[in-house]
């Protein structure tokens, strides 16, 4: 028994970097699935007379996944802490508008616009966090409520696309460095920051603690309410960053940018696809990145095969449920 | 602590309680369930804020708004229930809320080496700081819990029923630990229901009753009987009710060669009218035995008559009931009324019991006061346990399995439960009782089955000594 | 473990640096040219802002005037093929794009998420199938997401298309993507426009003002003066729908009808029925119903039926269920259209361009209205309830089964 | 019941506020029209209640409603004879979808939020895959009668609603209801007391599916074929249940209060409409009210940690 334990400890130490990166096994599973899917994609593209690894396709996959990826990172933080954020989609719409209207086509206004977007999104996150902690409203209802409130503001203030993004800011959405899109680098930066936050900072440790068991965290001296507010603020800020990216892509703000993209439920789907437990306390950003890439590669294959959107929904639904069923099974047998 | 008062939902839980502890002293706090011990400790730990009264440490008045503030003031607490995160490592749990940082980032290396030192100072070698808590046994987790309290370098350590999850030989380790703490000049506040531990360890004893302090006295000036009288307010003439005079009746359940992933070669007969005690260390398979007999974690091999249940429902159909060890997680429906809790089994197997029957039953299990419309979470642990017993009595099982039936139950309720067990046996039920408390096992059982490593190590007649039980349980 | 992560960070940083020095390129489209044919927004809302509220900020007087002229104009082209007709065409030369068959056509579709787009999409596919010289037809569905459509357009540029057809999801936001594609491939835009004139041709029916005016003028004509009008709109802020309402508003404001309410239905039949029911209850009688789209017209009609009242003059659209109801219940009605046959035109235009034939710079398709007189010719039994009669698909192979009908 | 009281006070307040603006509102025809309009949401809320009180979510009901309406139109295709068999089929289909949701959640241990989110995608995709993108066929007048017509002065949908209320109340009073709540309150304790968790939870999903089928029949009957008949209904139903004081996570709340929550939501919509706060600000007001209602509930009933002192 002791012998076994020691062996395991040695193994754990050696695999420690990977273990830190993935935090647990489903993250590995999602990368395995991603690798298989890429091979399948390559095969299908080749049979169909296309090139999977063409510049356009690779950049396309990055461009399609960057905004969702950034939102999903924020969503990961909230879910790890045992919450949920359904307000991100409307918040993204709002922030594209805030960004585009303040920029008003002038490059000089970009810093002010970015600051305003971050401030607005942080404020929304703060409100979400306060409703959840102070008013003790379940995150599902709290964020659904703020989503409705933001929607009301959008409906009342905007009739369609508004504002304009200067050419200088569009580099964010369109430029690439070799085969890497700038938007994807932004996503990577957000992901690495979140990874550092979770694995190397006190707040990160406390996020896992609060999501694992709020009462235990509290009794251990963690100020759980502050942690909950912090994750909501961070999640909303991620949504704000995604809003900036979308504004740059779209050249303007639109009141439907977030909802058309379905960023609320899709980001949650990407997070759980990456192996993070919906109940909190287990998982990490590495899995989420894998989950988002999985969805993006799937989309790219759908595009090449010209699958119609209804069949896509069926496949996405099946993939989501099947993946979760497999995780649940692995966890039980492990 | 002076004049501490506290109310919950309009109910006065503490009323003007004073308590003091000196450096290097073990000060025991005792009282029945509902006497306010845990609340008092939680106020000291900053979990609850007192409605009135003051707390002074080293003569300085303090007020804690949050557990972290109490920690910083040098108060550490080991809770009755484990407060660990299963998905995190040992080191992460030990330093939860106080992670060491270097240049803004958590210093994992420092954290892990400090945890390693703490563990070896506790003589723990079976696991390390990087292991996930989820993979540890309950006893190992208790060690982590203690390491966590030690890591605070606290000047006051509160232990709220620290031995609840420990087997007797592990309790010995804890004693050593407590003494080591006092040698360092730390004040230990020790809350327990186990009177023997209190007399073993405590220098002074404070007795609480109904939220008020009844007495504080030198341990040497008290004996068990006096202490019980102080706690209960009356003399308990005999600690355990007398055994039945009749010899046991027919065999109700019989197992031959029963085994599964955690059990092997179980041979066991339970007869009508007898109380069979089960002893064994933590992890010896006691709980697993009960769950296998009941069908919750079924036997996969061997014979069992009248039938070998493969599920809970088959177990219930065969006339078997199980009162689980972890009442909060596996026993009660916290937000349901007493009545609905009591009717749960009957409803689950579609057998209805009318209202008068329930009220009679609640009186029979000595629920006091018998208010069937009250939410069960508002009851004391002892009363909750009585409702759980009533739940099984609605379906009149032939065999009742009780896993630690008096854990976390105050002295009065404990006596009531013991009486009820006797009564049930007298009425022809076969009762199996698992307990970590040897006096209880010896006092209540007609014979004692001792478990070790998933098998039955031997059987002892009633009237055996604690030493003989321990010898069987711990032999390797 | 710490040395591991440090090394990882160093490698990552190195990788970023090397790629950075490699090549900095942008896929961002060139700055767009001047917006096509639109003047500034209207100065004021005109006389009498009664029940209709302030004029929409989408209202553009010049566009309105142009559409009012086109409504009455005679289109050029074969009369039996309205999808090949055009109103007042300004032909442009396309010899520069001439190319030998076979062709690869690409299509970036905004969405197929509503019945109108479904009918159009089937019609377009059938049109493509008619032409042997089209060897490949690659279509990507953006699922109603602007961002995906931008990526789709970029991706299609890597697939060797001879012509790129775009049906933009949103005018403003797709403009950069379209202007980026223009230099690389001839672009055809239809349905909604973009704010650049770089596409070779922009195909559209007359437009929303014509639709809204047609219905409103019908009500002004049929409803006795002082009558109470209920206006039902799907949702605010959608340009094509805003123009419909703003033209109707102009007509109502200059009439003596009383617009008692302007409500949003979200395109939800149940909500429409409830709203109409509420108004009937509140006003006792509604004398006319104006709708900005036909999707929920039948629900509005049923609200009157269920209240036991005669159905007042109403407009719908060329949807089968409305035409059927109109015919069965002998309604006083009109159905302005936004014809789905416009989905055939881009394919025809693409072939013309690739063959070097002239096409109109702005291809204005006729936009007929269904009236009592021609109702019988448009009502085709056996078609599904949400079919659009002006699909121009009757002569295409696979009709009617492919469109969900029975012959 | 003491948990349920606030929602009835709020509902009464809203109804009075409506009556102040529109005095006809409390007269039988207008009030019946209101109940008729609310019926589908109330029925959905009742179904959703069973799932929520057992500790789960059902996000698939909205797309199930759409799917049912579209399927009914294609299969009935205007024919009177096909009406009754198709009605039966719709109910069976609702049960079947619930069965699949239940099995995936309980046997395969997929969180119900994800199971039903997947089902939402699958249903909305599959049904339009089958019909080629848009609804086809037509509902028969006989089918429409249930949602449109009435028996004397009382609409059929009101009668069906009364039957659903009675059935729901009965189910919750019976042993089934108590075991369901037990599963939501503490599933391990329930399982060790002989409650078949998988079975009761699956039954709850099936009830939710069935209620979606009934709501679809009423909605399709009321308003006809539409490709978006059920849009957003899942969130409305969950909102209604929560408004009724039912706790997400299970184990607490009554079905009558959940249905009262649905009436309250519908009354709120009506009131906002009457006061002309339609369109733009409506969602904002709705959001504030939902948060406020749940927050007040939470304040009235403190979290469990302050209970049971020992």
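To keep things simple, chains are lettered A, B, C and D as they appear, and every chain counts its residues starting from 1.
One rule holds in what follows: a contact is a pair of C-beta atoms (placed from the backbone, for glycine too) under 8 Å apart; a residue touches a chain by one contact, two chains touch by 3 or more.
In this text, all values refer to a predicted model and were calculated from it rather than measured experimentally.
Across the two candidate interfaces, B-D and A-D, the one carrying more C-beta contacts is A-D. Taking the mean of C-alpha positions as each chain's centre, the chain lying farthest from the centre of subunit B is C. In whole angstrom, the spacing between the mean C-alpha positions of subunit B and subunit D is 43. Centres computed as Cα averages put subunit A at a distance of 33 Å from subunit C.
Between the Cα centres of subunit B and subunit C there is a gap of 71 Å. In subunit D, 133, 279-280 are the positions where the chain touches two or more neighbouring chains simultaneously. Residue positions 13, 16, 155, 215, 308-309, 312 of subunit A each touch two or more of the other chains. Residue positions of subunit B with contacts to 2 or more other chains are 108.
Contact residues of subunit C toward subunit A in the complex are 1, 4-5, 8, 12, 16, 19-20, 22-29, 31, 56-58, 111-113, 138-141, 143-148, 150-152, 154-155, 157-159, 169-173, 175-176, 236-239, 242.
Within the complex, the subunit D residues that touch subunit A are 104, 108-111, 113-115, 117-122, 124-126, 128-129, 133, 235, 238-239, 242, 247-249, 279-288, 290-291, 294-295, 298-299, 303, 305.
On the side of subunit B, the complex with subunit A involves touching residues 45, 47, 66-68, 71, 77, 79, 83-88, 92, 96-99, 101, 104-106, 108, 125-128, 130-131, 148. The residues of subunit A lying in touch with subunit B in their complex are 1-2, 5, 8-9, 12-13, 16, 24, 196, 200-202, 204-206, 208-209, 212-213, 215-223, 281-282.
Note for the complex: subunit D touches subunit C at residues 22, 24, 30, 33, 37, 40, 73, 131-138, 148, 219, 222-229, 231, 270, 273, 278-280.
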